[in-house]
Structure formats: C-alpha cells, structure tokens
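Below: one structure in structure tokens.
Which chain is which? They are A, B, C and D, in the order written, and residues in each are numbered from 1.
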Amino acid sequence: MSAPFGRRHAPLLIRRTYGPYVVLGAGDESARAQPGQFYMLASAERWGGGDGERPYLARAVSVMSVGDEGLMEFLLEEVGPGTKRLCELEVGEGLLIVGPLGHGFDEPDAGVEPLLVGGGIGIAPLVAVQEAWGGQALLGFRDAEHAKAAELFTDPLVSTDDGSRGHHGFVTELLEAELAKQSRPIYACGPPAMLHAVRAVARTHEVDCELAVEAPMACGFGACYGCVVATVDGYRRVCVDGPVFDGAVLA
Amino acid sequence: MIEFCGLKLRHPVINASGCFDVLAAARVFGDELFEQFPFAAYVSKTITLRARAGNPPPRLWESAAGLINSIGLPNGGLRAYLETDLPALAAALPVPLITNVMGSTPEEVGEILDALEAEATVAAIELNVSCPNVATGLDIGADPDGLEALLHHVRPRSSKPLIVKLTPNTADVAACAAGAQAGGADAVSLINTLRALALAPGGSGAWLGGGSGGLSGPAIRTVALAQVSRVAQRVTIPVVGMGGVASGADARDLLDAGATLVAVGTESFRDPAAGSRIARELDDGFTQIAH
Amino acid sequence: MIEFCGLKLRHPVINASGCFDVLAAARVFGDELFEQFPFAAYVSKTITLRARAGNPPPRLWESAAGLINSIGLPNGGLRAYLETDLPALAAALPVPLITNVMGSTPEEVGEILDALEAEATVAAIELNVSCPNVATGLDIGADPDGLEALLHHVRPRSSKPLIVKLTPNTADVAACAAGAQAGGADAVSLINTLRALALAPGGSGAWLGGGSGGLSGPAIRTVALAQVSRVAQRVTIPVVGMGGVASGADARDLLDAGATLVAVGTESFRDPAAGSRIARELDDGFTQIAH
Amino acid sequence: MSAPFGRRHAPLLIRRTYGPYVVLGAGDESARAQPGQFYMLASAERWGGGDGERPYLARAVSVMSVGDEGLMEFLLEEVGPGTKRLCELEVGEGLLIVGPLGHGFDEPDAGVEPLLVGGGIGIAPLVAVQEAWGGQALLGFRDAEHAKAAELFTDPLVSTDDGSRGHHGFVTELLEAELAKQSRPIYACGPPAMLHAVRAVARTHEVDCELAVEAPMACGFGACYGCVVATVDGYRRVCVDGPVFDGAVLA
C-alpha cells in the first residue's frame, strides 16, 4: 500500500516512557503501516536550535505499533538533537510526518512463529511484528533500566550486558539456545555488531533471517541516494529497498 | 503559463537535479504523486556515459540548517538510462523532462548529447559542469574560458535547449555564466552545492565516505541569492535559481533577483510535496501583492 | 603555550577581525573583561590608510544559522589608529596585538606597513585581501598570481610576522594560500565571509545599505572546514582557521584539519565570553581524550 | 556601572500578559540597570528552528522594570521568530542574558517631572523611567487591546489610532497639549515616525528631548558595528553610544 503523498501534520496524542525510552503516539488515519516500515518525523515547531544548530532534517523512526483507527506508536531513544526534540514533545504539540515508508518484514509462512531478535532501540519494529504475526521475542539491553521496554512484548526473553536483568550476556546467546531447540526464521533489528552476529548464527543454523538496518537518511523516499548499504548487488537505498533486507543479500 | 527555453510550464517551480527520484517516489506514493505532481518540469539526476556506483557510505552529514552530501553521482550510465528510465519516465511524467548530464571530457559530453538527440521525451538538457577537472582538482566549470571552450565543442551536438548548471565554487560566477552564454547555452542554472567538509566525531578523519562533500539547504540560501543576482545582471539568457529554497518567499527572492524558474532541492527531502507548496505560496504572494 | 609566528600564546583561540572591539567592550564590561580576557591574542578590526565611515545602515541581516553583514570597514584611518587606539590598546591588552590592515593598492598597503614598523605594540600584522579589485569587482586576493605579486611588493616593508587573511570567494583557495606563502607570508588565515545577499521583505531591493554582504556563523562552518583542510594540506606555514566556530568541538575540527590557531567571530556576538568557553571546551576535550 | 562580562543563564521567574504584550521577569542579582538600558536575550533551549530557520542571534530588549533583588522585567511584542520564541517561554525555562547594556536616559534635574512619550512596544523603557524618576506618561497605541499595557504606568494619558480608548489620534497631540500647559523635557521611545514627530514638537517648543532608538543588533556591546544610526557626528553605534540619544544629535 502506498503512503499518502507529502508531509502531514499530526498532533501528539500519547507520550509515555519505559526507562529511558519514550513512546510517542500520533494518529495517521489515512495510512496503515506494515511491520518494519518507518516514518520520517519532525516536530512542527522549533525543529532546530539544538546542538550544532540542528536538527534540520526529519528523523527516520520505525513504526512500533499500529493501534485502532490508525494510531501509530513510535519508540524513541535520545541520541542527539533530533531525538532529543522528539522525546521532549508534549501531548498536544504537533508532529510533521511522512510515511509509512520502506519495505518491511515479509509475513511468515502460516503456522511459523519466528524468532524476534532485538537489541536496544532496535526492538521497536519487532513490537509491530509480534502484534501482527506473533513470534518469540529475544531482547538484549544494556541494563535493567533499559530492559523496562521489554514490557512492550508478550513473554519476551531478556538479556542484559551487565546482568542486571535476565540472561547476563548477549542476546545472540539466547538466540543460539532457541535455535538449538527448534529451527525457525529470524527477524532482527539492532546495532550493527548485533546484526552481524545474528547473521553468523543464522548461517550456521541454516535459517532465514530478515534484518532491519539503519543508515543516516535525508529523505526516506528514495530521493537523495544518501542511505545506501552495500549488498551483493551493489549499493541499495535502505529507505526504499529496505530497511528490511534478507540477511543473505547484505554484503 | 511560463515560457522557458521554448517549454511551457504551469508555474516557475521545478526540482533540483538529484533531489527527487520520480520513479522511486512513485513506488512510495503511488498515483497520488502524479495527480499532485509538485514540479512544473522534472529534472533527472545526473547521467554519465558509464555507470557509476557512487561513493561509499556514509553519504550524508547534517550541518547547521543544511546538509552535506557526497553521493558521487550514482547512475546506471547512459545506456541504462535510455533503455530503462526514459521509457518509464515517458509513460509516467505529467510534465516536461529535463535530463541532467555530465562528462569528464568534451567528447564524453558530446557522446551523451548525440544519444539524447533522438529522444523525444527529453525536452531539454541540463549540463552539470561541477565535475572536478582531473588535472587541477577544480570544477571544470570554475573557469570562464574553459567553460566557453567546452560549450563551443559540445553545443553543436544537440538541437535541444541546453541549460548549463554552473558551479558556485568559483571567484566569478557571473563571468562563468557569460562564458556559458557565449558558448551557446540557452539558460544557466545555479547554485550547485558549496564545497564543504565534515569530520567524524572523535578525530578519525573525514566522516563522508567520499571525503569532502557539497553543502545545500537554508545555510546556502543567501549565497545562492547573491550568485543568482550577479548572474542575472550579467547574462541575457534565462536563469534557473536554486539553493536553500524552502518557502514561497525564498522563491520570490530568487525571481526578484532575476531568475525565471526556481528549483527546489533539499527542501523536498523534508517535505516531498514542497514543490507544490512553494508554487502555491508564490501564487498567494502574487495575489496578495496584486490586491 | 602555543607558538605562532614567534608569539607565545596561552591557548589556540583568538578573535576574528572585526568581531570584537576591545575598547568598546571595556566600556561595557569594565575590568572583568581583562581579568577574564577570552582570547590568546587580540586581532584589531581592519585599518585602512584613510578614515572610512562604513556603509549606510541597515548593516545586518540574520539568515539561517548565520549573519550577513555589510559593515563596510568603518575605521578612523591609520593616523587615528596610531594616535588614539594603539596607546589605549597598549595600556589595556593582556595579550599580544595583531593589527589587521587593508589597502586598495600595493602602495597603500606598503604605506600602512611602514607606519606600523615602529610600533612595538603591534606583535604581528594580518593583511586582509578581501578588498574588491576596482577593475574586476573580484576580491584582490581571489587570484593566486595577483596575490603573490602583491606580497612580493609589500612583504619587504615589514619585519613583523605577516598573516594573510585569504578570501573564500575563489575557485582554489589552496592555490591562493600557496601564492601567499610564495610571496613571503608567515601564516594564512581563513575563512572570511562568503558573498551573500538579502532582499528586503516586500520586493524593494537589497536590504543592506551596502548592497550585498558577507555570510558568517554556523551556516559557513563546514565550508570553512573544507577550505582550511585544503589549505593546510598545501602550505607549510601555519594556518589560522575560522568560520562558524561556536564550540570546542568546532575548534577541534579546525585544528584536526590542520589549523594552528582558531579564531572566533560571530559566536562572540551571542556570547561575549565565547573565546574562553571554547578554549576551555577544547582543553576539556584534550583531557577527555588523554584519559 | 559595568555589566558582568559574558552571557549568563537566568531562569524565567515571571510571565504575564497585557493584551498582546508579554512581560517576562528574570533575576539578575549581579547587575542593576539604568532606565533606557537593555539586555540581549535568547532562550537557553531551542533558539532556532523558527521561520527561515531563525532566530540565531540574541534579541535586544529594554529593561522595563527593575524590581527588588535584581528582578528584571521585560515587555515583549511578537514581531518575528525571536520575539515569538521569547513570548512562548514558560516560567522555569531558561533565558540567556547579556547586560545591562547601552547608555540609558539621563536623570532629570531635581524637581523636574519629564514627559514620557511612548508608542506601542516603545513604552517599555519608560516604565523604568517613571519608576525611577516619576514623570507624566503619554502613551500611544493601535487600539484598546494594546492599550491594556498602559496599566504598567501610574496615571498615564492614552491615545489610540482607532479611538477605541482615550484620545483618538496621535500621542504627539497629547504631547502638544501638555507642553502648551508647561514646558518640560521629553523622554521618548517608539516607532521611527513617532520619534520624528516628537523631535519636531520638541524643536518647536524648545524643550530637550531624549530619544531611545532601535537598530538591528547582532552583539549589543559594540563588537560588530552593525547597529549604527546617523548623527551629526557621523554614524554612531546604538548599542554603546545609545540607545538613548539627545534628539538634537540625531541626523
């Protein structure tokens, strides 16, 4: 399904937090996002004037959840001036939105419960996957404070880097353990190092893996050619050919 | 209706080359894109004779009220353009097509012009002269005499309207524009991006995979206005003004400075329908002034 | 301690010419200014042979993350500088004084250098070559050969360290820097403001009383970084980098790109003590990296 | 008295409105302003991202009132992105301040009650004058809504352009009437056309007049030479030689 053309104004309807993460909810009745798709988000007022006189461009943010009547929820982590401004927004303030954008996750075959491997803020699109198609969530966080966002999932398994909650170690260790029990396809999103490790595991276990990758984006709709990632077929634009790629295709 | 190099355009707002991929946008936005097409003419991304992969990522850096890009002109090359893109564009575009081209030698440019000569879909050609000269490292269009010589060489190869897209990285852009006119250009367009650099946080050298890049967006708006004004005072051919245009007021400034058309680049990234909004704001401005 | 052209400086941050009037600031801020003096050396506003009133107002236009000025180099002329300003500066300044000068002919520049030769208060001279050439309208420093010739003429007239303040409005700033070095410059400084234009709201022509102006501030930061990087790779003399510096991180970028000193201009308008803050942030950065 | 060197952070303590005008109050214990002096103000957060990606520089704003323990009050009218952001600030948010700056009004001779002629937002510094030295306020406004700010004065005479409050007409008509009764020096601040008319009246009546003028400012402390006004002695910087000038000195 295609996105409405142009940038729209959407008032912020929901704001709540999970540890350091912020959930923002806005209505977008005219569109329904697929799991793995994203929006370009900016605040309607005072987008700018932060660190280094930024932000200027909109920011790519995954759809975390699609509620009734087009309610879109996003999960944000503050890492710079753009996410700072978005995280500061209050209910009633305005968002500028373009989307839904990108090529999301493929629907699993009937009866297949995929493994959803998420690291940090990368858990966001997996919430939408689990809502739509189920699946076992395996989530890695820095610490228990960040792991509060595990609440967004049904029956997740959690690991933390510092052992303050769940398994002490990498989420890929949880993944190995699950795959040892049952071979299932993987849907993953997280930092590059995690995605790299997940691909290696998938290769070893000969299971399919779909990875949602990130790249700095200016436009989100294929206009700037700025967001490329290297694949076996050369550079591909993450915003239109991804953000979800078959793990076997990435170079 | 606006007349520009023999083209009849609905309004004076077009896209800046490399800042709107209509075929990708159609995949994203579907038919609505064409029903509400934001530009009065469509300018393609730069096409080169041979395919180019473009620069390694990262290709983008956000700066104060601006964007630095180092895309590296990825494109499938002339042949793929003729075989794949042109038929798709011919079928889809509701407005005239301007094909932007670049070559590192006059022969290369000539070869591209020859090939486009037979293509009815191509209403006009924009020649990007911001390509670095291999010998000097400067843009080939930075020197007025060199630019005139290049045009004398390639101008006879095309019967289509020829717009020369000047480089802003020069001491005297008006002299370059005059050189382009003397060489037979039907119009000039400017400004292309300003040479800029971003370093990776933490002291590990250039951030962009391509090394340095080009600055666009509001940061360069007033530099663009100065260059467009100088050029429009010097040449008699029409001028396409661009650089940081984000509103009807910005577009109006460029028209007031002497431009015939205005192109929108980076602002389309923030708002895909920026072209229509800017054309509408311009129009409202006219109406307001008339009242 | 940093060594620059024989001067010993406490830290690498100085002011950009024309962006801090220490005598006016002393009237406003009193002794605290000198107790917490923000710069490691003080650069004067440009001095010309004869007095200049400067351009008619308005002289300022705020642009996206930047400022356009068309001040027009008002100053009391060389004689008033020697008689009034220099003694006041000598009495007040806790840091070395660099006097910035400009002339529209080599003879004029030579005359100024001669007059400054006897002044012990003047630790170094910065020669501003962004003055428009009357014949071409271009900045006299925009052409590498012309710049070298100018320096061959004036360099012998002074025994003081000579910093050439380059113009950024040129195709090849590195070639200009090389010309300055070949002509005998002891250092180069850059970037000066980018040529820019603002139109008055409502279509009544140029906003600034002086017509066009020069863009400074964060908007030009990445252009400055690109030019400083190119120049530092080309010359062996020290480079003073400036343009949009607002934080220690910005200063660090210029130093990483090869500058020896960093100058702060427009940011001092927002924060009079910006120089100290930036020097402190730079220092904290060092400490952080060292740990 | 000189201003503390550098830019300081001051939390906003007071915000109230008079019709379209906004009063902002912030503490600046280390400084005491003279009537006619001003500060350069910016918000500490999100100064930027408004119309045309502005504001970037701080804005010059007159001291309206000096309260106890260095409480400074300012009166603002929204005319562009800078004043918009300042007017939106909420109590507890931060201001960045530099000042007090400039050369203010001269203290009147003992026993002399000056006439204080203000137009629109130009009334701001006259509040400080009246607080410090008394004087009869003559205030011109667009309409009754704007004239609500007359409350800031003791016993003002008011004129409005549309006659919706007080005298229907120009404030200079009130001035003529007062001068006809008694010759007194004038302190004035307002739009250029008003100041021009006030100077003409002062000349006719052979009374002294001190005018607070405006100019676009980048720095406010004499650094940029951008704020000049033409005087009989050539261009003078409004920020250090003014903003108050003897009416006879202006060209």
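The rule we apply is simple: a residue touches a chain if its C-beta (ideal position, glycine included) is under 8 Å from a C-beta of that chain, and two chains touch if they have at least 3 such contacts.
A quick note: this is a predicted structure, and the numbers were derived from the prediction, not measured.
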Neighbouring chains common to subunit A and subunit B, by label: C, D
Pair exhibiting more inter-chain C-beta contacts, C-D or B-D: C-D
Centre distance in Å when subunit C and subunit D are each reduced to the mean of their C-alpha atoms: 34
Rounded Å distance, subunit A centre to subunit C centre (Cα mean): 47
Inter-centroid spacing, subunit D versus subunit A (mean Cα positions, whole Å): 52
Sequence positions of subunit D contacting 2 or more other chains: 48, 52-53, 55-56
Multi-chain contact residues (two or more partners), subunit B: 61, 63-66, 217-218, 249
Chain contact graph, described as a line, ring, star, complete graph or other shape: complete
Subunit B to subunit C touching residues, read off their complex: 61, 63-66, 68, 136-139, 142-143, 169-172, 194-199, 201, 203, 212, 215, 217-223, 225-227, 229, 244, 249, 252-253, 256-257, 289
Partner subunit A, residues of subunit C touching it in the complex: 65, 218, 246-247, 249
Subunit A residues touching subunit D - in the complex, by the definition given at the top: 45-50, 53, 55-56, 85
Residues of subunit A defined as touching subunit C within the complex: 48, 52-53
Residue ranges of subunit A in contact with subunit B within the complex: 2-7, 42, 48, 52-58, 96, 98, 101, 215-230, 234-235, 237, 240
